[in-house]
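In the two assemblies presented below, subunit A is common to both, partnered first by subunit B and then by subunit C.
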Partner chain A sequence: MGIVSPGFSGRRRTTGPDLPPGQYLTEDFPVLSAGPTPRVPLDTWQFVISTETGAEFRWSWDELMALPQETPTVDIHCVTRWSKFGTSWQGVSLDTLLDGVDTAADYAQAHSYGGYTTNLPLDDLRDGRAWVVHSYDGEPLPAEHGGPARLLVPHLYFWKSAKWVRGVRLTVEDEPGFWETAGYHDYGDPWREQRYQGD
Partner chain B sequence: MTDMSYVDGNMLDGPLRELFAVDLSSATGRCESCGMVGPMAGLHVFAQAPGLVGRCPACDQVMLRLVRAPDRAWLDLRGTTFLQVPMPLDQPHPRPL
Partner chain C sequence: MAAPTTGRRAGTPLMWRVARLVERRVETPTAQTLILAVPGWPGHLPGQHVDVRLTAADGYQAARSYSLAGPADGERIALTVQRVPDGEVSPYLTDAYAPGDPVEVRGPVGGWFVWRPEETAPVLLVAGGSGVVPLMAMVRARRAAGNRAPFRLIYSARTPQDVIYADELRTRARDDFGLDVTYVYTRQAPEGWRGEPHRIGVADVNSHGWPPDLEPLCYVCGPTGFVETVADVLVGLGHQTRRVRTERFGPTG
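After this line comes the complex of A and B, so read on.
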């Protein structure tokens, strides 16, 4: 038995309105990966938004860090059923990155160093609901958790929060990504338990 | 977790037995990306993920994805050009016309 009883370790929400259906609460931070961990040097790192007309908007690491920074604290929900409450990040809002990007696209496909892809409606990247984050708990984001930078879209299952993100393609048609073409749900709302196709 | 976070393709034996009557762990596959031909048991399988991801041991490209829902399974082999499956000699088989 631990020295600190569960009653004194802070507010715990193992059930209730904060936990989506079918999820359990975890205190650690599991590492999931569909492939080898890319190691991306900061001096060659870049983030690119491309539009349906072929226009490209690029940021180097220094340019990303010079943009207005936000510090979201959010709950995250993995489709493998763990949820983690109150995770603290630092990064740049997609609203900032998309400001000035002229597009008629309805969809976005994030792509990563290492080849991973994931798709979501462009609207889900807007209105303070998505970030490119580079720090976790006040420290640079470790490579195994997606560093140098990952997408953070906490209102969808965490496979949508692409690790090692290198860009977002804005598309007119929906283009399913790595897991969405292999059985997982196209949208992935944890509150509606949209795990697999047809859920 | 590091780059050595995969296990070898022998672990696919059980999950694939759910889908196929033949033993695919003894099959040979060709990587669509680099063309290497080798045993499926030699794939690097990343299992700490929403599904199983089998990657070519030579070029690291994805050759196999297997996703298992409670009531369904998806097998994506677009990264595998062919599967060569050993067959018993005494088994009747169709011949080319």
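After this line comes the complex of A and C, so read on.
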């Protein structure tokens, strides 16, 4: 337990088993990004998975939309301490995209239009836990929330769910991304409150 | 977007430190600056922020992030807190927190939205509301370091009464050589102001910012809609996206 601040009792507007430690619930959908919002035209958009051997697997927008679609409804948790319950998305599972990708890599680094990067273990992209999503609440994903398509990895802090995603590089070594290089945690499990390096 | 140049990957875990209130300054009817004494504070760069944690007698905790309002100053830090009416942390800090009382802080945090006092490029700061706080840390750090980089601050506020640091900015605009300050008012402008209250737009940024060919560093901080607008305007005017750094404020009650 921390040092008590006299007179503080707290509002405790949200508690419960679904809220990770140190988070509060919001009904809004706040935006956090480090620079201007890229505008990515769909006719040149593509998503690329590259492996440690240099093999590349590419999808155009139309090819992505032609893949089996899933509609995950998930809770999301931002390291800036807001959580939002029951968000509804549509997109393609990374299991589908990784099917047929032959790799011995243990890590993945997602990269985005605009230059953003973030790293995570490849296993965390598998088993129905990660998607490339293009719709939110039944509407095309707005650019400020990462449209035309973003990664969705809801079991990790939301900075791992790279906006404006353009690909995933599979790597043998863990290569820290944008916020990870700036002092944020390599893994980012909200249930273990892995906010910053060393947590 | 280039990779950030600072990091503390090899560092020890950030630890919670006890901070005690030394001084409180009322900035506006809803914003206050808190000066905290933090034994062991490791120092910070302008633009970085800190997590503040409150603990109730029964162990319940709540934490929020606040921008540091001033440059590194030994074991003292300054936070400017905007009171969020239905918030959990900010009303305690502005209304109940008394001199000598402890809170816990952890930081500094953030290695991207920072300005280094050794930078020489022109700087454009664009603030919306309480988004001025980390930008003020840069303005103060510039003078403290004797840095001569030309700075321009465009500050959008609802009314003149909502301008944080108003007196200090007036003095600095006069005395800090190479610092220009321009205001945009969205609801009500001061007496004798030329033009109507309006939301910031292309003309404001074009007239009071820097031309893109000077390759200024641009820092934009404020509510999401404000930051989206200004960042789009800067890119539209020809600024390189990698020179435009943004920090968005969501609700941080």
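Going forward, the second predicted complex is superposed on the first by the 186 of 199 C-alpha atoms of A that agree within 3 Å, B and C clash if a C-alpha of one lies under 4 Å from a C-alpha of the other, contacts with A are read in each partner's own complex, and residues count from 1 in each chain.
Please note the rule applied: a contact is a pair of C-beta atoms (placed from the backbone, for glycine too) under 8 Å apart; a residue touches a chain by one contact, two chains touch by 3 or more.
Please read all numbers here as calculations on a predicted model, not as lab measurements.
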* To do: Check the residue A:E144 against both partner chains and state whether it touches subunit B (first), subunit C (second), both, or neither.
  => both
* Asked: With both structures placed on chain A, which of the two partners, subunit B or subunit C, ends up touching more residues of subunit A?
  -> C
* Asked: Should A:L32 be classified as contacting the first partner (subunit B), the second (subunit C), both, or neither?
  -> both
* Identify the partner contact of A:W159: answer first if only subunit B is touched, second if only subunit C is, both if each is, neither if none is. => first
* Pick one for A:Y196: touches subunit B only (first), subunit C only (second), both, or neither. => both
* To do: Return first, second, both or neither, reflecting whether A:T181 touches subunit B, subunit C, both chains, or no partner chain.
  => both
* Asked: Counting only touches as set out at the top, which of subunit B and subunit C does A:W82 meet: first, second, both, neither?
  -> second
* Does subunit B (first) or subunit C (second) touch A:Y24, or do both, or does neither? -> second
* subunit C-contacting residues of subunit A that also contact subunit B -> 30-37, 80, 115, 144, 179, 181-183, 196
* Asked: If you look only at subunit B, which of its residues touch subunit A in the complex?
  -> 1-3, 5-6, 46, 48-51, 53, 55, 60-62, 65, 67, 69, 72-74, 76
* Asked: In their complex, what parts of subunit A are in touch with subunit C?
  -> 1-13, 22, 24, 26, 28, 30-38, 80-82, 114-117, 144, 176, 178-183, 196-199
* **List of subunit A residues in touch with subunit B within their complex** => 30-37, 79-80, 115, 144, 159, 179, 181-184, 195-196
* Spell out the residues on subunit C that touch subunit A in their complex, using ranges where they run on. => 1-4, 6-9, 11-14, 16, 18, 53-57, 59-65, 88, 92, 96-98, 101-104, 106, 109-113, 224, 228, 231-232, 234-235, 241-242, 244-246, 248, 250-253
